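Listed after this line are the structures, all set down as structure tokens.
Presented sequentially are two complexes of chain A, the first with chain B as partner and the second with chain C.
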Partner chain A sequence: MTVLLRRGDELRLLVWVTLIAITGSVAVAATEAAGFAYSQLAIPVAFICVAVLLHVFLATRGIRGDQLLLPMAAVLTAIGLVLVQRLASSLLLQQLTWTLIAAGAFVGTILIPKDLTTLARFKWTWALLGVALLISPLLPVIGKTVNGARIWVGVGPANFEPWEAVKIMMVIFFAAYLEEYREVIARPRRIGPIPIPPAPYLLPIIVMWAIAMVVVIFERDLGASLLFLGIFLALLYLATGEAFYTLIGAVLVVVGGFVLYHTFGHVQVRVDTWLRPFAEDLRFDAGYQIVQGLFALGNGGLFGAGLGNGMPDRIPVVWSDFVFNAFAEETGFAGAIALLALYLLFVYRGMLIAVRAPTPFLQLLAGGLSFIVAFQTLVIVGGNARLIPLTGVTLPFVAYGGSSLVTNWMLVALLIRVSDITARTRGTP
Partner chain B sequence: MKSVGSNVRSLTIAIAIAFLMTSVGVGYWTMVASADLGSDPFNPRLVSAIRDRPRGKIIEADGTVLAESVKTADGYTRRYTDRSLAQIVGYASFKYGASGIEAAYADSLVGQDPADPLSTWRARYLNEREEPGSVVLTIVSKVQKAALDALAATGKKGAIIALDPRTGAILASVSLPNYDATLVSDPATEDVAWQQVNGDQGKPLIDRARSGLYPPGSTFKTITGAAALESGVNPDTKVRVDDPWQADKSWGTYFVRSSSQAHGDYTMADAYRLSENIYFAKIGLQIGGPKIAEYASRFGIGAAPKCDIPAARGQLSNTGTLDRPTLVADTSYGQGELLVSPLQMALAVAAIGRGGIMPTPHYAQEVRDSAGNIIRTIAPGASGQVVNPATAAKIRDYLVGAVEGPGAFAFGAKIAGVHVAGKTGTAENPAGPPHGWFVGFAPAESPTVAVAVIIENAGQGGVDAAPLGGKVMQAALAR
Partner chain C sequence: MEITFAVLLWGVRIAFLFLLYLFLIRAFGALTRSMRTESAAERSLGTLIVERSPARTPRVGERLALRASNTMGRDAGNDIPLPDEAASARHAKLEVRDGEWWIEDLGSTNGTLVNGVRIERPERVRNGDEIAIGRVALRLER
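Moving on, here comes the complex of A and B:
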């Protein structure tokens, strides 16, 4: 029994998750024509059971360290389930199935690598596997094109977006590589204030990143390429503290964006719809989705229309691309701020784990993984609120989609593992 | 070398700042821009009630239903009964949003009139919705029919608008070509219909009466004359007219032309009756560009009329000022770079008819609840005194002369037993034969109707338009 109580905060927080999952589901069901039926509670209850089982699993395995990440990931996933029920109820069972798979992936990630530092030893394996996975959608038979982007792999009925998994491999590879060479890279020769990076040492990661970029460009996935560039620059900064590299990165984004704008029609359309979505020629065409998204935000006000009472279903593919706008319409500015605060808290806890981790590899790993969550949230919410051009990354845990859910739960497992190692090294609970 | 830990801290701070900025952005859309987005005509929330529950009716004062929701297999859809009011009543499509009254009174039509905050609150927070009420228009069927028949008989594009100068109530508004709003609103046909009306060269979605912009031609002399009188010009002083005319050699090859190749001495009354361009060009130059600009602005040209459905602003000139003598001369007789809507000209003559008081136009007169009780009366009142009563009375007399005097151009607007004031206009335009204008009001002494007629690319210009104005005013007087 004492074993179970060791993660008492986690269990107490799961009570709140339960409340949110159940009230959300009931509120949505009550606004539907058919009304509320007790059978509809099956889904949130099933999910809560899974979350509690994960907690019991961590406790019985004697995992120490952070107790906030699991409840936070669970509450975000619960909000995701409520929104799938609200926006695309026919996909609800499928999403619950993916949640179960994600829980399995979480358990696997906690169990399988006996020692996390061994991950670093296989860094080239991760790099090659990542590239292979990225290329896989371009292969015949298994590759699939969805909404103009060839980023899917399908085996039987299950479809998977490989880049979602690649983002984690990329962080592992960069973290391992940079731990080894960061001292050389961080002490560049300087010409005046301008550092000249030691090219030979940077080459492998640049090549890895370039391959990823080329592949995503061929697969027409702007969101993934932006995320990879973000991971690359963030880890370079975390390893070296050299702000100048970040500056180079910013220049790369601007120059790269400019070149892409003039060479790829779909990039041009994205930028145009960002700059003037309400224009006559765009509002019913390429700008339709963002315009409808903004209408949804505008209907939010301070406290929102109430779950089930808004009209976010007018936004095309709202359940994956514009789930944030749907949430903001029905829970208002207050709900949107609460959701963003939840993500920021998640990132803060992840970064705290990074600061405390015992080795540079683990620090870079935790920092990079937390950065993924922060970056994806900022890029998609920024796109949804027309602060930056819209790119297709998913809102972590909340947006409909299996690949993203599974990899994000693996990400949580890795953060908990790092935190566990820290707790053991330092002898704290 | 900085430790990884300190780099993590810096990155976390940067991320927190980015989250803060994102929150501000989300706050902007949800809180600040909320009202603008909510009233955007393409926002489907405006027509939210049409699919799952009936939307309120739009009716005429006599009870004639103009728009109502009918139940179909997959929800409610809108039916419109009077195609001649397509641009006024508008459409309510779930996909393409709403326009006209459907957009302007969207809240009222879903049972959430701003004058009824309790229902609005209950609908928003308790999801209890009232049976929607109805919006009653100021349109009078008989006048509307007279206007439609008169304009349709010409076979041309154009518009006619008639209003009550005492209240600003719009009595009739026709714009041709028009479209079938039922097809644009019905989910089964909306896509095809939307493509078709948007691709149509005739621009049927545009209400030419309210949003069509035309050079006013001689109808603008009403405003030039008022400006001249209030600037101390003696209307009985004879002004020499010799066609063609230019102020001095600096105009080069440019001349003001008289429409009747006139040579003679004109008083202001003569100039109105015979619509003499050279007379108005000369007095326009005499009082100067700033005066013309001031009076155009007083009569509402260059500013959108305060109206319950949006109307065009028009313009004095491309720059907003009259900065060269030839432009002052041309503007004085209604050409130059002037652009006005028929609604603006109808309001201008309505002000002349009502002793200088310009009414505020409105298309709806009241909002009723489902039981027929009046929730809100729309009576915006006067928009202001634009000229003094003495000036208005003089111009009125000249306008009566322009209809009833010997050789008057606007004779076609005469109505037996009633004095009619009016003015024709022939608007030169780059798109082909001149547009024909008529503006006027009746009875001249105390008008109950003011009208503006535009016929695009009419054969003879204003002379073609005057009889249409007469017919519409006659119908309005008999209402």
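Moving on, here comes the complex of A and C:
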């Protein structure tokens, strides 16, 4: 019994997650059926059982350190389930199944690597595996094209986006590589204020990045290439503290964006629908999705139309691309801010774990993983609100989609592992 | 009947938003609490106080801040370099395991002494214990 009490904060927070999952599901079900059946509660209750089992698992394994990430990930996943029930109820069981698989992946990530530092030792394996996975959708039989982007792999009945798993591998590879050579890369020769990085040491990173970029351009996935560049620059900055590298990155984005805009039709469409979605030729065509998304945001007002009461179904593919707008329409500005605050807290917690971690590899690993969540949220919410061009990254934990849910829960498990190691070396609970 | 249902439904919808904020407040509370214990632990990770040192560095009385794992030896690449001829290039390692300090000799020529006793296997070091490496003596203070 005392074993279970060690993670008390986590359990107490899970009580609130339970209430949120149940009220959300009840509100949606009652609005749709204009009545309420107890069977509707099966899905949220099943999910809560899984979350509590994960808590018990962590407690009995004697995992120390962070107690915030599990309830945070659970509340976001619960909101995701409520929104799938609201927006695409035929996919609800599928999403619950993916949640179970994600929980399994979480348990596996906590159990399997005996020592996280061994991950760093196999960095070249991760790099090769990552590139292989990235290329796999381009292969003839298993590759699949969905909505113009060739980023899916289908094996039997299951489809998944390998890119989702690749981003974690990239973080592991970059972190391990930069730990080994950070001394050399962090102290470049300078010509005036401009640092000249020692090329032989940076070369493998740039090659990795270039392969990823090329693949991503051929797979026509804008969001992935942006995220890739983001991870690369963020880790380079975290490892070296050299702001000039980030500046080079910004220039790369501008130049790359300009070239892509003039060479690829799909990039041009994205930029056009961003700049003038209401134009005569766009608003019922390529810009229709974003226009409906903006109407949903506006319709939300301060406190929203009430869960289940809005009209977010007017947005095409709302359950995967525009969940943020759907949530903002039905819970209003208040709900949207709460959701963003959840992500902020999650990322803040992750960065704290990174700062406290005992070795450079673990610091870079935790920093990179937290960065993924932050950047993805920023890019997709920014795209949904028409602050930046819309790209196809998922809203972490909330958007419908199995591969993304599974990898995000593995990401949480890795952060908890780093926090556990820190707590053990420092002797804190 | 229909009106009660509508009122109840709006109650549930508002409760959802309300609970979301309550969760945020609780989570923030849990975060600040854990930050307090963690930063307290950060300060008290430990220091080594130099008791005796024949060379100019480290000076006697100097306080060396400890990381979770520290290698010591004559080599400049060590976490705690001890430029003393009697010390081996990579002499010993002092690290935290499960909240306790442990010292391990890395196969040095002249050995590592804890409170004047040469260690054969990894040995636990307590607060105030004296570690001798070559002609350098260091005292652990948490």
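Note that the second predicted complex is superposed on the first by the 427 of 429 C-alpha atoms of A that agree within 3 Å, B and C clash if a C-alpha of one lies under 4 Å from a C-alpha of the other, contacts with A are read in each partner's own complex, and residues count from 1 in each chain.
The rule we apply is simple: contacts are C-beta pairs under 8 Å (C-beta built on N, C-alpha and C of every residue); 3 or more make two chains touch, one makes a residue touch a chain.
Quantities reported herein were computed from a predicted structural model and do not represent experimental measurements.
When both complexes are overlaid on chain A, the residue A:T31 reaches chain B and chain C alike. In the superposition on chain A, A:L378 makes contact with chain B only, while chain C stays out of contact range. With both structures placed on the common chain, the touch criterion links A:G427 to chain C but leaves chain B unconnected. After overlaying the two complexes on the shared chain, residue contacts for A:I217 are found with neither chain B nor chain C. Residue contacts after overlaying the shared chain place A:D66 against chain C, while chain B stays out of touching range.
With both structures placed on the common chain, the touch criterion links A:P358 to chain C but leaves chain B unconnected. Touch criterion met: A:G306 reaches chain B and chain C at once. Looking at the shared chain after the overlay, A:D9 reaches chain C, while chain B stays out of its contact range. Applying the stated touch rule to the two superposed structures, the overlap between the chain B and chain C interfaces on chain A comprises residues 31, 306, 309, 332, 348, 356.
Across the interface of their complex, chain A is touched by residues 1-2, 4-12, 15-16, 18-19, 21-23, 25-31, 33-38, 40, 42-45, 48, 96, 124-125, 127 of chain B.
On the side of chain A, the complex with chain C involves touching residues 9, 12-13, 16-17, 19-20, 23-24, 26-27, 30-31, 34-35, 66-68, 71-72, 75, 303-304, 306-309, 331-332, 334-335, 338-339, 341-342, 345, 348-349, 352, 356, 358-359, 424-429. Those residues of chain C that touch chain A in the complex are listed here as 5, 8-10, 12-13, 15-17, 19-24, 26-28, 30-31, 33-35, 37-38, 41-42, 45, 67-69, 95-100.
Taken together, the chain A residues at the contact with chain B in this complex read 31, 182-183, 186-187, 234, 237-241, 278, 283-284, 291-292, 294-295, 297-302, 305-306, 309, 311, 314, 328, 332-333, 336-337, 340, 343-344, 347-348, 351, 354-356, 360, 363-364, 367, 371, 374, 377-378, 381-382, 385-387.
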